[in-house]
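One structure coming up, written as structure tokens, with questions to follow.
Here the chain labels run A, B, C, D, E and F in written order, and each chain numbers its own residues starting at 1.
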Amino acid sequence: MRNSKEYAERLLADIKREKREVSLMEVCGTHTVAIARSGLRSLVPPNLKLLSGPGCPVCVTAQSDIDAVIELARRPGVILVTFGDMMRVPGSESSLQEEKARGADVRVVYSPSDALEIARQNPERETVFLGIGFETTAPAVALTIEQAAASGLANFSVWSLHKLVGPALDAVFSDESVKVDGLICPGHVSAVTGVKPYEPVVSRYHKPCVITGFETLDILEGIWLLLRQLNQGVAEIEIQYRRIVRPEGNPLAQAAIERVFTATDASWRGLGIIPASGLAIREEYGAWDAQRRFDIPEGKERIIKGCRCGDVLRGVITPYECPLFGQACTPVKPVGPCMVSQEGACAAYYRYGRSHRL
Amino acid sequence: MCLGVPGRVEEILENDRARVDVSGNSLEISIRLTPEVKVGQYVLIHAGFAMQIVDEAWAKETLGLLEELRQYAQL
Amino acid sequence: MRTRKILLGHGSGGRMTQELVNSVFKKTWANPYLDQMLDGAILEVGSQRIAMTTDSFVITPLFFPGGDIGKLSVYGTVNDLVACGARPLYVSAGLIIEEGFGVEELEKIAASMSKAALEAGVQLVTGDTKVVEKGKADGIFINTTGIGIIRTEVDYRPDRIKPGDAVIVTGKVGEHGLAVLAQREGLSFSTPVTSDCQPLHRVGELLARYGQEVRCMRDPTRGGVATVLNELAQQSGTGFIVREEDIPLDPVVQGACEMLGLDALYLANEGKMVVVVAKDAAQAIVEDLRQLPESRDSAVIGYVKDEVPGLVLLETELGAHRILNMLESDQLPRIC
Amino acid sequence: MRTRKILLGHGSGGRMTQELVNSVFKKTWANPYLDQMLDGAILEVGSQRIAMTTDSFVITPLFFPGGDIGKLSVYGTVNDLVACGARPLYVSAGLIIEEGFGVEELEKIAASMSKAALEAGVQLVTGDTKVVEKGKADGIFINTTGIGIIRTEVDYRPDRIKPGDAVIVTGKVGEHGLAVLAQREGLSFSTPVTSDCQPLHRVGELLARYGQEVRCMRDPTRGGVATVLNELAQQSGTGFIVREEDIPLDPVVQGACEMLGLDALYLANEGKMVVVVAKDAAQAIVEDLRQLPESRDSAVIGYVKDEVPGLVLLETELGAHRILNMLESDQLPRIC
Amino acid sequence: MRNSKEYAERLLADIKREKREVSLMEVCGTHTVAIARSGLRSLVPPNLKLLSGPGCPVCVTAQSDIDAVIELARRPGVILVTFGDMMRVPGSESSLQEEKARGADVRVVYSPSDALEIARQNPERETVFLGIGFETTAPAVALTIEQAAASGLANFSVWSLHKLVGPALDAVFSDESVKVDGLICPGHVSAVTGVKPYEPVVSRYHKPCVITGFETLDILEGIWLLLRQLNQGVAEIEIQYRRIVRPEGNPLAQAAIERVFTATDASWRGLGIIPASGLAIREEYGAWDAQRRFDIPEGKERIIKGCRCGDVLRGVITPYECPLFGQACTPVKPVGPCMVSQEGACAAYYRYGRSHRL
Amino acid sequence: MCLGVPGRVEEILENDRARVDVSGNSLEISIRLTPEVKVGQYVLIHAGFAMQIVDEAWAKETLGLLEELRQYAQL
């Protein structure tokens, strides 16, 4: 696509004309990965910083929550079903991957529907789906729970660790030490939520927001639009990713979340407990709520020595500035959660950005 | 945060499900969140669910900001 | 202290595998043959130099689009012999069968091995059959070990790689890995992509005609092209620059990878070779390779650069350079 | 119609194994090497004649009195090379490891293989490691494949066996099989018997000095001495008469066999050889063998008799003759 | 042992002086095997026939009983524990060995105590021990059931197919076509029962009985004693195996059988239903009786075409006279049960006696 | 019908169990059916249970019938 390459180069040339110190934060881990994979960070001028935010659902999952899920996976008769993302996330002593090696029945699926199928095929056992993700994933899980309820599937339940984007942004921007000038907003979350979660960012913190897609061109456009707002001295919510995102989002998806879940306080790795930032399963679906069905003692949050995930997640430091990065902490033996997920900032920097020697 | 790929709806199936084509691969997904989708339209797929119908007009406009860019560059 | 356990990632062919092999085997088994850094060993037997290589095949499912474990086990070992610079001659087969396995399936696999041997010009000369209790294997595992005569006109040790050399890949990447992945439980998509499972003995013959102009080659099986390039970079002490847009990649494979959050450069291939050749010969070699059906999509994908020793850099569409690491551990389908 | 399934007996090394190999592999893999009727194949590689043999080791438990799977896997292949008339040189190792296996155990096994290779005078030159999901293997399986130079002065094809030749066994029978059996779940007895797991390369050297006076040899592993004798009888078209009371047998092994209803002649050995030699050389060979610690209990146990082609007859204490069949299928402990 | 060899030869020489046609039956499969292994049959004169009787517990187990046990083994959660002897016995369509290959959990033990141990180690599953054997084995199983009862082991039970020697002998001798002049009586059964089961044989059928051990010398002595009785025209119960067998047997063992089992009609392969010839578990131990605990439909006895086990078991023919012997019927693919057990007459003849060429 | 081997009682254990020696192999069995057995005595073992105590007097008399045989042979 010669045209698009030419266009990208023009966008980039234009972006390079920015001479002030500007810090933009990509909230979404998928953006982090896309930026790292494309090598964009090495192409923008050094005064333009691309920081990574708390938008990797794996990274923000609390270690105590992982411990509880591991405890659950160890129960005889339980099949724990999860997205591949969660397999290597370290709890305080183990991970789902290690539990599997020890004999737990842990299975990876692409869709929560597949977990339903597993439950149907193993009627004598308990299938528990580990629900993670932000507003993009929560509707899919909500519909799955409704389907289990509709078909009276008694041996299926969901352990919900779903989180909400809005409160996380608030936690970032309310922190004085965080210096972010504009927000590259997550395209797919916004497909569900629309512009709503970003309204406080523009109204309270006066930071420009651009809902951006995931192609290199999308991201370049997103950055370009943010710089334009900054230069024009405005702070608005713009949608770059118009082929997917409508201002109102997807009302059906929002309604599905609303029917099955209710907001609850949640523990975020590195950020602590954020009020009304998680999704718990409503009472009426209690029969499919693994946290109600299984009596799992609450885990304790342990501080991981030296890990600066919290600072990475709020954009206070880049992964390079963590003393463990690349040494004690690598994707094979992650110390902190940001090194685990493919889209964790530390993992993305490790995989795609370790060297600038060329 | 969330991987998503566009897929073309090939066939509407029972139970709010549809068969979609993703760059030549075939996948069965739920369209319960985009019930109005028609065969031939594209949807954004995440974890086996259609999350949104792709707006063709915008999708075709690959070089979306080009004109604005020209204007802005002139400033 | 927790006892360390073997994880699936230790068998992924990536960095975890490398670390396990280094820590467990290299130090205790120390001998010059293990340090040859080839896909097999080059041995002196009396007056003759031969190559020997071994691989176990543990694939699920046993029959997959484009192949089956029998064919795979023969071609896999043939291709490793080719990568060592040998003419493949003889293959042994060690079968471990799970109690309850169907005799009919076994017959199919045996026939497939026989046909594969015929096509690759090797003979299955000796075998062994073990049966283990139900639940203590997964249908059937096959080990093949191959030997071949080293071609005197070639020398494919990685330290022969020189700055400026060109890197060729003999076809589209990731097809085997994707075809097999599409059969996994919990992944309910279907793809027209079939395994590239094929023997490369004729590719080996063709490349041998270029003598020392061909520096080194490696078949990018487990861990994919990215892992093989990293191995070669480490072993040669040189670096590689690979241009993303030049890597032959079927858009169907690419689409499936985007859907599942995978990277095709880490997916296994079972009928491809990564070849490092002298820069001046590169174009002629690629054109020659394109005459063979098994390497018709050959392309130069990059070059050797001394300035980044041990590293593989991927040049992105935008002209940026980013590190292309080894596979760390298994790729799992993911949603974020 | 019921589909035929693989049963444990198909891996017993006895008649079921033979029938499976004949029906599934021999017909499809037909080539002259498979018909050499040796424990491996004798191959031409350029100007050189070499032997190649393969075996997979799937033993439970992995560590047993007198050995472990690592040692066993090296010696097993070394001994097969010896039985082919080769000087063992190089061994490859293909490991299939179950997810969750202890790294420490793996290290022990690797070290044991290394030590075994040193003792047997071979080198572990190439390897492969695969990891399969928990519950899809049984700890670890090891395939070893070995090659060696054929000694020009010998020829151990079974058709060289002649009437009147003497049959030697190089030590007490059944020890490995019993030592391993005693570790089985559901068999709560203990025995001082340890596996005879040992390399026979020096036995091979010793026997090579007798040139063509040594006709043939075979290591009686799975299926035991009885099965090996039957194989040789079938392959040579001659018969054997074996005197029950001349077979070296530890009374402890005999006692355990009586208790469990087993026959020591069908128990596996992992460091013994059944050797057919010219009648006139037999006594000298046995005396020579007794000088080596690994064959100190060697004895002439019988002779070759043309009149019963293809059969093995056991001469009982009372002077009666009864047929000593192949192992039909696994021996199971029984009470009646 | 030069002495014993000399002695054996003297016994044999003496036995060879018998010139009349004499048929002796060894009831016990262990004798059948010992005779076959020693080659004795080829050493005695042709006028002295050694016939095999119905004394292999495996061979006489009805195919319908095997079918029922297979049905049981297929039930999810069941661990079927058995002696190695039973693994290859063919039911109408399958065997325990084949069921194991299909995924059933079938385990081989040396002692019924081991089955108890398996039950303890698998509390969430049902362990069923398959009880086979004559009076020798029944006391061990009886004590095992009592032990399960005493320790309240609720997940253990026994499927009893035990049989009694006396009724089987009666079935043989009451058949006019059976020509047997004397009985080599089973040494180990008699260790439990004493002489009692043979009393009808001497009193009603006037056949000499010698309770015999299993060494070659024992058997030679047994034959010698039988011939002596025949020559002297008497029919008594003699005990050759005096180091083990007391005339009264083992009263404790008899009592154990009595406490736990009660005689019941049983189906014998080849012989049909014999009244009061089997052992059922008493009502009071019903909780440990697998036949009460599991609802397994009764199997149907099918006639195996061409198999002459029934005639072999009664000594009407030798295995060689069965048209299937060694051809369609071998130990690897047994047609009839006599080919299955190591001590089945057909198997023993196949293993040890196929050739007389020398 | 029933395999049996003689074993020497080496140690009486709790619960009517004993450790026996069978030609140098060691085995734990039940002696509930031969409770009077003493260490040093032999028992006949079947399926892990002692079924009878071996009568040493008879056991030693290996050539049991020799005398009778002589007499009979003279007949």
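We adopt the following convention: contacts are C-beta pairs under 8 Å (C-beta built on N, C-alpha and C of every residue); 3 or more make two chains touch, one makes a residue touch a chain.
Protein identities per chain, from UniProt: A, E = Hydrogenase expression/formation protein HypD; B, F = Hydrogenase assembly chaperone hypC/hupF; C, D = Hydrogenase expression/formation protein HypE.
Because the structure is a prediction, the values reported are computed rather than measured.
Chains touching both subunit E and subunit F: D.
The fewest steps needed to get from subunit A to subunit E, moving only between touching chains, is 2. Taking B-C and A-D together, the chain pair joined by more C-beta contacts is B-C. When chain centres are set by their Cα atoms, the one at the greatest distance from subunit C is F. The chain with its C-alpha centre at the largest distance from the centre of subunit A is F.
Subunit A and subunit B have Cα centroids separated by 21 Å.
Between the Cα centres of subunit D and subunit F there is a gap of 36 Å. Residue numbers of subunit D whose C-beta contacts span two or more other chains: 5-9, 99-100, 133, 135, 188-189, 261, 334-336.
Of all residues in subunit A, those touching 2 or more other chains are 29-30, 56-57, 83, 100-102, 110-111, 114, 133, 137, 343, listed in ascending order.
Across the assembly, subunit F contributes 1-3, 46-48 as residues in contact with two or more other chains. Pairwise chain contacts in this structure: A-B, A-C, A-D, B-C, C-D, C-E, D-E, D-F, E-F. Residues 3-4, 7, 10-11, 14, 27-31, 55-57, 83, 110-114, 133-134, 136-137, 139-140, 143, 165, 186-189, 191-192, 214, 217, 221, 224-225, 228, 240, 242-246, 250, 252-253, 256, 343 of subunit A touch subunit B in their complex.
Subunit F contributes residues 1-3, 5, 22-28, 45-48 to its touches with subunit D in the complex.
Within the complex, the subunit C residues that touch subunit D are 3-12, 17, 20-21, 24-25, 28-29, 31, 33-34, 40-41, 43, 45-48, 50, 52-58, 89-90, 92-104, 106-107, 110-111, 113-114, 117, 123-133, 135-138, 141, 143, 145, 147, 149. Put simply, subunit C touches subunit B in their complex at residues 182, 188-193, 251-252, 254-256, 258-259, 261, 334-336. Contact residues of subunit D toward subunit E in the complex are 2, 5-9, 15-16, 19, 185-189, 241, 260-261, 307-308, 311, 313-314, 316-323, 325, 328-329, 332-336.
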